[in-house]
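In the two complexes below, subunit A is the common chain; its partner is subunit B in one and subunit C in the other.
Here is the complex of A and B:
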């Protein structure tokens, strides 16, 4: 933990976005995480994504539970709304906030402990409801805050800092999300912003629950030889299945790819996500095939990364509930709650 | 690109912009930290080692360090480096015991120095402790050269000047005052000197040869001669209306002196517009604060004399445009008569060597100046050296000091029969400043406070007496505030590539986008694809060796780093360290600093 705050001095020729803000205007407090924590890189990637998407800070709600990962919303967009919930309960807070005001951008930050142990049920139901939010799961395979016990995402055979190998099978968050019907499923790595930033931007533009599993090494308890969530192991075994290129609405498409290798998906807000297959037989819109492919990659000891599955245009929570177009916070109270007289009248109809 | 060799002393030296820009390479950040610690005496002595006259320079330096200050690039105002130097000089204790001493036993070599200005005094300072017998010949009755005669005492109190000169002369320098050398040949023939150093400055003020000059002579003065006359008390008044011709630093001293000698309506006349003024911006400011008018685009045409007495001058009012060759040409717009009682000419200085015979083996080149080697300061006659303004025309005190240091090295080599081209090399120390996980031996917290303004004696009092020093200097509060503005550019971000795990923490935390991890490339290619384009080509790119995991390289653009140390604080493997760089500059009599024993004292991974 640094004792000083980040100097106010900034690069005099920093780029500004459509709102006239620089990336530094999307920063938060100084991180109190360990030096070298992958989560800080995810924070930096989020800052870059917010900056590039011209997100208005007051239109953003950042939510989290408990854990190292869940501290991080403090470290970005200090002017945004924020909610730090009880351990594992972030999805229901997000669902509630979204139910009340569907116009905000919801970004939930969680970790493998918060999401796969205490909050597993919450995560599953948020996916089921298709809450319109970006859900970033910072995955390091250990409980960092309590000194490095294996978490539910630790691979069999991966060793702890003390040298003991894990014997229980992991919950694979990507498989879990796919099997529950998530409409946006990705995996990335904190050490690869070139991949992570476009995926984050695509996730923010997705209509529905966007789930990103980010391998984010714990430099203090899980970055040793024998760990399968270390910087070195991840770099060595990363297999990028899909290259993601995010093209915001109205921007010119610049990168040229060979015909047939790219699938362009138009998002709800008009932006375009272009997926370039690295592997010919990969089909990012066939849920069954994706699961099968991922199993095969995992069998080779590789970690598949990229925007692995994308289905745009499905119904989200508000669609299922058939809510009005106006966010509920903007519906006058008298309309939302017409009073006991109106209730009596309604009940009379059924008598 | 080839990985940057940070063990070459010049790489990190260049990062310390102020030290790099200082002709004498004064270790500015370290002396500022010593001031911050209240260790004024040590700060003074550190200054003295390189610039010899901290008290004098703390008031009068031309400050090449300040425009170079990194703070200018990060904000806009440099650290008040010069004013802080004065603080060290003002608040130090007695330094007598710390000064270099001349040994009782001499080395048998005699060296003559002609002129007792800053260049010669520096040569004496460097050679006396080595056992040389140093003899100075000075035309005037007191030492100091232009430091004494050309800098008015409201800018430099005589006591400060004399104290710092005494530190050198009291080592036992033999000085012959009122002894103008009229013939170098005679000196070389008659006296038994092993080497001769010419430090006679540029003592001849330029003339303005326009109609009426001769007739008006009684009231037309050559700036530097006039200032000298004031210093020696030969004149003590000036007419009420004064025109100062020229707009360099001498002109500023002339107009401000006029103000103190009875001048009331004082005008500085410039031929061109402000961007072309030669005077330092702060000297212009000081003059204007004293209600002196500066008139631009006035080209002097003639002196007007009535009844044998000067009544004023006629000027063309002109406009400047660039011609097809890119040179500025003037067009006359109008003509104006400005009344004046006295006119002071401050349009430049020339060298004059009527006393050096042309048949004694000293070759003269362009503008009738002796040919002097840029590195050794030797003329084409062995054993005769030239430095200060006498070498290549008017510069300033700090350059004269550096010339003196270099000439002293040459003289020493020459007298010891070592080739003068064999010059001792610079060395470096590099020592970690780490005190704890997030604690450093320097103040790394960036302070956005603005530059501290200097306070002056109030105007009426200040112009009433020539001897009242105009600037008050910083008090302790102001000093405490100003020292924190220094970015400690000598505390280097020192990188050890094989420790890096490429977690991006340093790249993410850097407030000014200095750092990038990327695939290798050539300098101009790399400059375009960093976190922020590296557009300042004067500033180096640091490029590491290939990193262990991906073989990419760590690149640092040195341009805007504020040395906050956050890269090192956020680094989990201590691949980054904040290490204090200390340039080891050799002076006369020193060995090279690159001997194996010294090289081993630098920390290396």
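Here is the complex of A and C:
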């Protein structure tokens, strides 16, 4: 049986958040992924992010498609509402759910197979629709759950465990999201929790679709020499272009950065995201320049990471659809039903 | 020669043959509405190509004083406005009938028939003489044939002109042009031809409490009245006008008067898969949500339908059926998706399916579908077809009972969750096969994991045989128990106990009723049951048992209703005789009689007919 309930043990001196919950309260059942799988580290980062954001567990909706990565919503925030849907189609479930209840917080977990092959269409359209959610794509270059076939994010020349080199060009999820007009685009690494946690928090605070491509190595099928999605390769070639510091609403700003290199963005919920350029040339609010810069970095064989592009204040799906402020699930039936009088008036036109 | 006799007052069919994209639809609508306002039972069927402009299109109107409004393929009059289709159109008139055509160009001798009367009116020429501008001339030509028909059929001119006035109340100039065109057609006929024809109209009083409406519009209204808030869709003929209707009525009834914001969310999805996902996502949150589509869409949605079935998410699917397989004939009607919908998706599944026969039932069943979906927490289908969905029907006006209360099924409130020890999503605590659900965000105790993977009754992931089987068995019983809650079958019996019965469904109803009356007038009693929902219940089972031979009348090649009955009832299949028509037109009496003939021959001989 792959469902293992984890005993909830509380250390008396464990730190608590504003809701009086400990990080433990944000855990889920025991992971059944391979020991060392990158996805488990992403789960750990999510737990920390939700804990630090004081998220009310039952007000969180966590969704996924199918794959090893898509299994992970069971492993965090056990008291959140989960939806493990079908392969590649999580974005549509999230869009429908968000349409019905805009009051909840939404996080979607997907894989590179789930998002870039079978689900590419839905991902693209969720971006266009600007569904207000955090979308985490755990990217390992392979289909883990079906035993290691190349995915659409595999780089040219990257080899499989059996030594076969991939020859088809990859779909670059960050470039894709940028070209489709995504308002929050980031790339991170499961092995760099320090970078990942603030980005996840910023993504949750973003109003609109927040897309994070997280390199998350598959130790079983794609962590060998010759793979460009291995731990070693990622560590060696990772190039952080921007450092992210997340300052929650009303919190004191502690980190001190050199003047001029920091850009502070106030998020919809009042929290502040501070972006520190590691590279002087970088401008995280100029879409064209970001794309150009990323191409240049890629040309050097490096993997650009950080909160690469951020645009706050855009219109989300509800803005496009002009829905009422009350979540539709809370609009009383009396408001929805026009009643018998309206029906007979309407029909006068049909005679 | 079958001369249409003088007794054909308010009893004939006519067909208008035009080119699509030339504005003839509004002229034909005007015609239908005029007959409706004269109080005569009437139906209009649009036979149109899958094309935007330039191909032949037809509009068929049947008037029948006795109220039979199924399609009649026997046309006493053809309004032949499209030279491209002259050959077949003129062939379609019954012997002794009439052809009204545009005589601006002389009619080719090949098309002449000795047994029909040709009425030539130089419509195009008169338009060129009287009106300016190419578009106006084309439009006025349509209005002009209406004028000619006013004279030929004795349509009430005051009614026609009254409608023109209503329609163009804010465009005085157009009223004058339309009047002029009508008069030109009318006067030309009056001055040169015998009129009215023996097929003509007389004012009746049959439509006092009726309206003209399409099934798609009625279903859309049903969604509004049911309180649906989220609709997701991908355009496909013949279902598109259902979402157009929902959009229109929402803008009319659901816009917050203070803020101008919408108490609804309509999402045009990227494809039908996404549309289904959105419906399921919204339903998971507790919204009443739906998608209108047609067969190809259901094929694409199938994976999601299985998820909704297994994870028990209430969701409503309207399938406005068209002619399959594949793209098939998108603008022709069929009942080809019965089996597809009843068992949509891989693995063991079975779904609630409703079969409305007209727009009135589209409205009522739409509301019912949401109640059933939520009560049984399962996908629920409403099967319309192109004929019901897109054609104009005269039906008793829709009624709404203001005391209606939504059946939300078992949804635990925050209070109820407070009071229970622990919540288990798939635990049937009271033996009715339905487990209570919770809605996200309501209460910390209500959280659970929705999934399409194996789960036990506590909602936990499982790969254990017994735990899996236990849930699957409950699901089967749950959906079967819905058989007593779907709209009850409509049963028609004769005076004596009949040994023969008919079972049919959906839009076949009207042709079956007419055929049955026809047989009764010849002394042959055939009982009739119309199934209105699936799963079937005892009433269907009893009807099957009571009769020796049961004709299953349906509009598909593969006898899908018959197969569903064989599959889902105790009836031996030898008793079920198939009567199918699947050419893409709405069913007519003749199809039914033809299908029954070989088997009733003996009986007919006995009665001496």
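To be clear about the criterion, the second predicted complex is superposed on the first by the 324 of 351 C-alpha atoms of A that agree within 3 Å, B and C clash if a C-alpha of one lies under 4 Å from a C-alpha of the other, contacts with A are read in each partner's own complex, and residues count from 1 in each chain.
Basically, contacts are C-beta pairs under 8 Å (C-beta built on N, C-alpha and C of every residue); 3 or more make two chains touch, one makes a residue touch a chain.
Quick caveat: nothing in here was measured; it's all calculated off a predicted structure.
More residues of subunit A lie in contact with C than with the other chain of the pair subunit B and subunit C. With the contact threshold set out at the top, residues 1-3 of subunit A are in contact with subunit B in one structure and with subunit C in the other. The touching residues of subunit A, counted against subunit B in their complex, run 1-14, 24, 31, 34-38, 40-41, 43-44, 190-191, 193, 217, 219-220, 223, 231-232, 235. For subunit A in complex with subunit C, the touching residues are 1-3, 56-59, 61, 73-74, 78-86, 89, 91-101, 103-104, 121-122, 124-125, 129, 317-318, 321-325, 328-329, 331, 333, 335-340, 342-344, 346-347, 350-351. Per the touch definition, subunit B reaches subunit A in the complex via residues 73-75, 438-439, 444-446, 448, 501-505, 507-509, 511-513, 532-533, 535, 549-550, 560, 562, 564, 566, 569-573. Within the complex, the subunit C residues that touch subunit A are 36-37, 207, 210-213, 221, 224-225, 227, 229-230, 232, 249, 252-254, 256, 259-267, 269-271, 273-287, 289, 303-304, 307, 397-402, 404, 406, 439-444, 446-453, 460-464.
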